[in-house]
Each structure stands twice: as structure tokens, then as C-alpha cells.
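Note that chain A is present in both complexes that follow, paired respectively with chain B and with chain C.
Right after this comes the complex of A and B.
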């Protein structure tokens, strides 16, 4: 039995490129990876939004109305429903004049118990040190 | 020797990132490492067969086939490919197609994961 920890670092803003959505969909795929592994083996995914990437977390996105696309907000909520650890850089939020009130913190309507954590960058650095592999998006 | 999992999301035409990733696969294989190569997003363009090799655009089918013959394990994200109209019947022989969990499973026992690019 072994666990491999992956850290997904999202640095790019939403809808400008596919990267943030790919980060979320790849991280969510950690929930079905067991089909390829031996019983008891696990892959875990932590997601951190830093720099311009924090803009992905803004709530009340209208991607479905405007682009007919599932919003990044909905993907974040799906990740919370699947109990993925989501960190958002406090300093980078402040840089955009944003607070916890402006971003997706929970997905109660989906039945998720996990909440987004707004943390200092030092906490994100700690997560990056603890994972086995980092993937930058 | 080790196992490398290399992921690339950049398109074949439009940047040189995919060229770099394929060259990196070649260097690793030549050193005797096992390499899993994952392409998703625009990187799935690499999986299309019979691409015409102009001198003005990257063309990687030939080197990729040579690498596959040497043991490169290359897989495209099936959903990313289908979303772009890259179907199984126009996928290069030997190029696998799986869902994103394949990439994470490959990362599970990799000695190094090298995640390259994006647009």
C-alpha cells in the first residue's frame, strides 16, 4: 500500500487558456485512478491557486450563460465535493482587492463538506514541499 | 534506470514545446529510462496520423514512431482528443487513448514527473 501525493499549482487566469480547467479535471481524475493501481494504492491531489490563478476562484461565474461551458467555479465545487484539498493564496487575492467573500468557499448545494482554504503563500509552499510531484498549470 | 512520466499540453503547431517534450523523451529513452508520455489539451494534436511534414511546421510523426519502436509509451487524453475531432480512426498506430486518470496512475510510480507547457 502506497500513496503518491500530487500538487496542482494553477497560475493562469480562467478562460484565457485551457490550463486551469485541465488542472482541475486532472486533479479530479485522482478519484478514479485506482482502476489502474494495486488495491490499497492511492494518488491524492492538492490544488493551489496562486498569482493570476486566484481569479479562477471568483464566484458567480457566468460561463454557462455566455460560453455554454461548465464554469471553472463548478469544477472547483466538484473538486470540493470529492474532498480535494483546495488552497488559495491570501496575498494574491489581496493583490486583486479580493477577499474570501468574493470566491468559491464551499459547495453546500452539491453536498460537499470540504471548504476552500484561503492561506498565506507560506502554507502553499509547505504543501509543495510535502507532495511527491508538482504539476504547474 | 528510472521511470519518467512526461506530460505536455501544448499544440504541435503553434509552439515548440511539444517538440521539446518529444526530444526530452528521446534523451531519456536513449539513457535507458522508461518513459510514459501523456498529451492532453491541444497536445493531443500529436496523436493524429498522416500529418504532412512541411518545413515550416513541426512534424513529429516520424521521430515519435521511432521512439515508440524503442519502447516509448505514449497516450492521449481521449476526451481532449474527441473534443477536437481527433477520433480513434485517425489516431497514429500505437498511440493509446485513455482518460486523465491514466496520467495520474503513471505518476504514481514515476521517479520524476515532468509537466510541460500549456498555451
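Right after this comes the complex of A and C.
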């Protein structure tokens, strides 16, 4: 029985490129590989938003209303629904003058129990040390 | 020259803007450029906003990113796509995209 831990680090703002959304879709897709795993094996995915990447987490995004695009906010909520661990760098949020009130913290409307965690960068570093594979977006 | 410059990135080199000379300069914030309007890095407004220019921001791109038009300061005009088209045709002779 083995657990493979994946870490996705998002450091770019949303929408200009597909990059941050790819991190989320890859992390979400990582949870659908069960058929290829041996009995008892697991794949976990942590997603951390750092630097300009924390701008992805601003709530009330209206991408669907305006551009008919699934918003990055919705992608984050889908990740929460799948119980993925989502970390947001506390120092970077503060640098932009943002607080927990400004970002996506839960996805209760979808029935998700997991919540976004605002943590110091040191905790994100710890996560990076613990994972088997680290992917930067 | 009446020049309108589109800024679609959050991180940009203000240097390039400094080199552009125009009798009338318009800076139109679109895409991720809209973050310049509200994000205060380390408590400071974007250095871009110190430029002597007429500032515009596209409302659709603000709302897409979860930023309310009501949070935009008075010196930046919030415009729609159709108003942007009017600006391009009526107010500026040349356009640049940074």
C-alpha cells in the first residue's frame, strides 16, 4: 500500500493564460486514476496559491456570466468538493491587501466539507518538502 | 498624437509607458491589467496609476475577476465594451498594446 503525494503550486494570476486552471484541472484529474492503482494505493493532491497566484482565489468571479467560461473560483470549489487540500499564502494575501473575506473559503453550495486554508509560507514549504512530485504553474 | 495604450498584464514594465510620449495619453486596463485598479501591493497603489493619463477599465474584465466596479477610484473611468469601441473611434488616433 503506497500513497503518492502531488503538490501543485500556482504562482500566476488567473485568465490571461490557462495556466492556473490547468493546475486545478490536473489536481482534480489526479483523483480519477484509481483504476490504474493497486488495491489500497492512493494519490493525494495539495494545491498552493502563492505570489500573484493568490489573485485566483478572489471570490464572486463572473466569468460564466460574461464570457461563458467556468470561473477559476468554480474550479477551486470543485477541488474543495473532492477534498483536495487548498492552501493560500497568508503573506502574499496580506501583500495585496486581501483578507480571508475576499477569497473562496468554502464550497458549501456544492456540499463540500473541505475549506481553503490561509497559511504562512512556511507551511507551504513544508507541504513542498513532503510531496513526491511538485508541479509549478 | 492622441495615443491609447491597452495594458492587459498585472506585472508590466512601467518603463515602457514612460517612454511613450503623447499629447493625450489614455491607459485602458483590460484582462489582468484590471488588477492595477484595486490591488495595493504592500499598501501602495500600482505605480502605473501615477502616470499622467486618462485611465479606463473594462467593466466586464473587472467582474470576471470578482472585482466590483464600485471599488474603483474616481480617476479611473469604468467602461463597457461598446464604450471602449467609441473611445477607439472617437478619442484616440493610435493604439498600442503592452
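Convention: the second predicted complex is superposed on the first by the 137 of 137 C-alpha atoms of A that agree within 3 Å, B and C clash if a C-alpha of one lies under 4 Å from a C-alpha of the other, contacts with A are read in each partner's own complex, and residues count from 1 in each chain.
Rule of thumb we're sticking to: a contact is a pair of C-beta atoms (placed from the backbone, for glycine too) under 8 Å apart; a residue touches a chain by one contact, two chains touch by 3 or more.
Bear in mind the structure is a predicted one, so any value in this text is a computation, not a measurement.
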{"item": "Clash or fit (per the criteria above) of chain B with chain C on chain A", "value": "fit"}
{"item": "Which superposed partner A:43 touches (first chain B, second chain C, both, neither)", "value": "first"}
{"item": "Contacts of A:33 with chain B and chain C, given as first, second, both or neither", "value": "first"}
{"item": "First, second, both or neither for A:14, with chain B first and chain C second", "value": "second"}
{"item": "First, second, both or neither for A:58, with chain B first and chain C second", "value": "second"}
{"item": "Partner chain(s) touched by A:73 [first = chain B, second = chain C, both, neither]", "value": "second"}
{"item": "Partner chain(s) touched by A:25 [first = chain B, second = chain C, both, neither]", "value": "first"}
{"item": "Once both complexes are placed on the shared chain, angle at chain A toward chain B and chain C, C-alpha, multiple of 10 degrees", "value": "90"}
{"item": "First, second, both or neither for A:96, with chain B first and chain C second", "value": "second"}
{"item": "Minimum C-alpha spacing, chains overlaid - chain B and chain C, in Å", "value": "13"}
{"item": "Contacting residues of chain B [partner chain A, same complex]", "value": "7, 9, 40-42, 99-105, 107-110, 112-113, 115, 118-119"}
{"item": "Chain B-touching residues of chain A, taken from the complex the two chains share", "value": "2, 4, 6, 12, 17-19, 22, 25-26, 28-30, 32-33, 35-37, 41, 43, 45, 133-137"}
{"item": "Chain A contact footprint on chain C (complex, rising order)", "value": "8-11, 31-32, 35, 39-43, 60, 63-68"}
{"item": "Chain A residues touching chain C - in the complex, by the definition given at the top", "value": "13-16, 52, 55, 58-63, 65-67, 69, 71, 73, 95-98"}
